[in-house]
Amino acid sequence: MFLYAAATVKACLDATRKLGGENYVLWGGREGYETLLNTDLKREREQAGRFLTMVVDYAKQSGFKGTILIEPKPQEPTKHQYDWDVATVYAFLKDFGLEKEVKVNIEQGHAILAGHSFEHEIATAAALGIFGSIDMNRNDYQSGWDTDQFPNNVPETALAYYEILRAGGFTTGGTNFDAKIRRQSIDPEDLVLAHAGAMDVCAAGLKAAARMLEDGKLETARAERYAGWDKAGDILRSDLATLAARVEAEGIEPRPRSGRQERLENLVNRYL
Amino acid sequence: MFLYAAATVKACLDATRKLGGENYVLWGGREGYETLLNTDLKREREQAGRFLTMVVDYAKQSGFKGTILIEPKPQEPTKHQYDWDVATVYAFLKDFGLEKEVKVNIEQGHAILAGHSFEHEIATAAALGIFGSIDMNRNDYQSGWDTDQFPNNVPETALAYYEILRAGGFTTGGTNFDAKIRRQSIDPEDLVLAHAGAMDVCAAGLKAAARMLEDGKLETARAERYAGWDKAGDILRSDLATLAARVEAEGIEPRPRSGRQERLENLVNRYL
Amino acid sequence: MFLYAAATVKACLDATRKLGGENYVLWGGREGYETLLNTDLKREREQAGRFLTMVVDYAKQSGFKGTILIEPKPQEPTKHQYDWDVATVYAFLKDFGLEKEVKVNIEQGHAILAGHSFEHEIATAAALGIFGSIDMNRNDYQSGWDTDQFPNNVPETALAYYEILRAGGFTTGGTNFDAKIRRQSIDPEDLVLAHAGAMDVCAAGLKAAARMLEDGKLETARAERYAGWDKAGDILRSDLATLAARVEAEGIEPRPRSGRQERLENLVNRYL
Amino acid sequence: MFLYAAATVKACLDATRKLGGENYVLWGGREGYETLLNTDLKREREQAGRFLTMVVDYAKQSGFKGTILIEPKPQEPTKHQYDWDVATVYAFLKDFGLEKEVKVNIEQGHAILAGHSFEHEIATAAALGIFGSIDMNRNDYQSGWDTDQFPNNVPETALAYYEILRAGGFTTGGTNFDAKIRRQSIDPEDLVLAHAGAMDVCAAGLKAAARMLEDGKLETARAERYAGWDKAGDILRSDLATLAARVEAEGIEPRPRSGRQERLENLVNRYL
């Protein structure tokens, strides 16, 4: 099975290179387990790590200049996926020294299934240096399977693009619709309308996100919140005993400061 | 305990009447069970039905002219609430002949906890003739407890108001914020900003809903979908054998028609 | 479509009668909606009520002596099902005067998807007088779709059978496995082993439930909890003002009594 | 705030050392965020990493010989926790070179809230070399908040202990009840009975797990499933092109083999 998978991925990588593909996503939907009773987690993980290393090595040797990506997915149809979410994929990459070689393609629907917001997954990937691209298809928050619907909520889309723009925007990839129209949408025009409407939603979200970033108020508020830290490098270079001594010596009794969540949420709504 | 509850509700009802209150909500948050092992569901239900009948009777006798409402809630802190959702409350009212006497106060957050969309609960209550009022505070879709946050998503708010306007609007009650600011929002101004922002969101949602209804495109599409039924009363007055015979005689082989979900979702986005 | 459905159900009912079938389940899996935007809830509900009335009428006329059942299901593949759970089905039956004519076939997996425990749904149906039969196939609590697995947890199965036995046991129907083996279980013997193991689990659960009921400790505890009510009929026949006056006159200040949940859970474990 | 936290942890560590404590758990319940809008994920993560490094350094310097542990928790009361699950904690430890220094204390209830089974989290920690200790208190699968109930289901407990025993058992820590009795359990004896019943459940689960492991059938089945890999080291040392060439040369067409899940689940039930 390992050999067959190797041959398959090699063939696909070769085709991608010949067609001038810029990205190669190892789509995540089947690499998990149904029951721990028949599974050796550690062995599976090591073999998967070795496999991915082979893929990365071959991509380089074969002259593929694009990006290799993993798409996190927590479950369905398997009970549990090895690529649960961005942090899990990062742990895996780090263990096999691949965190500079492989990025993530994050899908809104998979993020939701993992219990995270889409923007959390994007922000996490950006913080860890593995953000690659996105699948914009969404899940219904109240349906516990992969509904793969087209996006239709501009405020949510804006928050996702905001995290992307804050992190410097796409360096590869972009906005993909790995979506399907609803089971009852059986007219040809439904397919066209779904794509057109979703593109409009993404465009509106992206433009709102750009306005948020350009206007700077959100980032100013964030910078203010962390301002104390800009001149506090000595604290981070210190040690527990020294810091504890300072608390006693200086009688430090910190007061909480408001997180101002509602103010920030109001501010976001002005750009929509 | 029953007596004490009776005395409490009587006192509150009296106060409501004296203060000119127009609505009296039997807020739902504690009438459920933690384990079936110590619970007699049937008995609890009958006693609750008798209690509510007493409340309705007393309200009338005492001259209270307002509306009595139940607020559905599925759980938290109890494992299970008797007032799970609108349909469950309706079944309860119907069993005790109270479906003309008591209405529901629907909270977005409770609807979400029950696994329903807010607009589903509103539409269900309207269809069953028990729609009363709403609590606009929302839950986070990904937090499984009652977060009671202020609303901040206009498209979602618009869909909720749309169902209310379609059903004829409020005849009593209105939009209540049974919300709290986040734990970290500790400045006085956070409380003001939360209310102001939420009112803006509700106003924007309500105005969008009004435009949707006035423009009429959504209702025209809905009417078209059910148009065949407007002249099909004979079908509903018929019987299984007659209808089956018609299928054979006329060689009826129905073809599905598109539900046009994406088209309608696109249409909604034009009003936002 | 209505005619075609009528013809289909008539044909199936006829076949059931000819084959000596004792139950006819209107399996629930497609009668819901994907979006409220194209749906008239009230109309759908009334037409469904009329349809079910026709089915019940035809069943009687045609000489079918068995039970007609509805199987509640909350969602999947639809976003929302009209037969969400037992209470919702009861409300529907009651509105069309069918609560004496139609019972429910409760599936563990559907109960879970609706946010209820299996035993809650059984106890609710028993309390409402519409308990019919069960599908014993379970969902994974952590997979939000209909996994239809064979049962394998004896304590859970015992609690379900306990509610059935308490309510008097089956009068029709019984334990059905509407289950499938896992996608990776591809040997013929997997199918046999799944059924054999599940039957063992059900047998062990049923026997434990019978021991619990025969021993009587659980029911004694429950009776003690409600003992006060056995002689408190006058309270239920009274009214709010009278009860409130008694509270003042007698200075009633009720003290909570322990629900003893852990003690009861320990007791259950002794029978397993 | 950082200084104050440093002083607090230092004081607690000192007390733990003086009292002969063998474990020090940095309990996870507040280190997350409510909204990304006011949060710098990357900075928070780096500061948390620096903090934990200081803790580990001080523990060593101060002569603490025990184990430092982190307790993963996904949410509640915060919207999102930095220590979501075992894999997330591992990624964090790895980034700061602490994966040999810090272990995890896994709570059943937190595992459930994160969307994982308890045994998944244990097996993952064992595979990653960071398994430390457990909190046996469970959540209700259908309540989306931290219910912290005492364990009462032996089969589930057995599967958790089985993963622990397979991994070599506890080297530190053990079974902790970070549980509370239900809100309605207000008698002193409820507290005693809850602990006694839970200890019985753990004992029964542990003994069943020991029998499963001693009998060896489960591990034999697992070993058989991976037997091919014991002599396939050359495959893992190879590369994509070589393996692909072998597929073509040898005409490899792998056939799936049954995962035998139901058989294994039946087998587990024999030990309970």
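First chain written, first letter: the chains are A, B, C and D, and each begins at residue 1.
We adopt the following convention: a contact is a pair of C-beta atoms (placed from the backbone, for glycine too) under 8 Å apart; a residue touches a chain by one contact, two chains touch by 3 or more.
Since this is a predicted model, take the numbers as computed values, not measurements.
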| Comparing each of B-C, C-D or A-C with B-D, which pair has over half of its contact pairs in common by residue number? | A-C
| Chain pair with the higher count of C-beta pairs in contact (A-C, A-B) | A-B
| Which integer distance in Å separates the CA centroid of subunit A from that of subunit D? | 24
| So, what's the distance in Å between the C-alpha centres of subunit B and subunit A? | 36
| message | Taking the mean of the C-alpha atoms as each chain's centre, how many Å separate subunit A from subunit C? | response | 41
| field | Of all residues in subunit B, the ones touching two or more other chains | value | 34-35, 75, 115-117, 142, 182, 184, 259-261, 265, 268
| note | Per the touch rule, the subunit A residues reaching subunit B in their complex are 112, 115-117, 141-142, 150, 152-156, 181-182, 184-187, 189-190, 193-194, 196-197, 200-201, 256-263, 265-266, 268-269, 272
| said: List the residues on subunit C that touch subunit B in their complex, please. | reply: 1-4, 6-7, 9-11, 13, 34-43, 45, 47, 50, 54-55, 57-58, 61, 74-75, 80, 84-85, 87-88, 90-91, 94-95, 114-117, 119-120, 123-124, 126-128, 159, 163, 218, 221-222, 225-226, 229, 232, 235-236, 238-241, 243-244, 246-248, 252-254, 259-261, 264-265, 268
| remark: Listed in rising order, subunit D residues that touch subunit B in their complex are 34-35, 75-77, 79, 113, 140, 142-145, 182-184
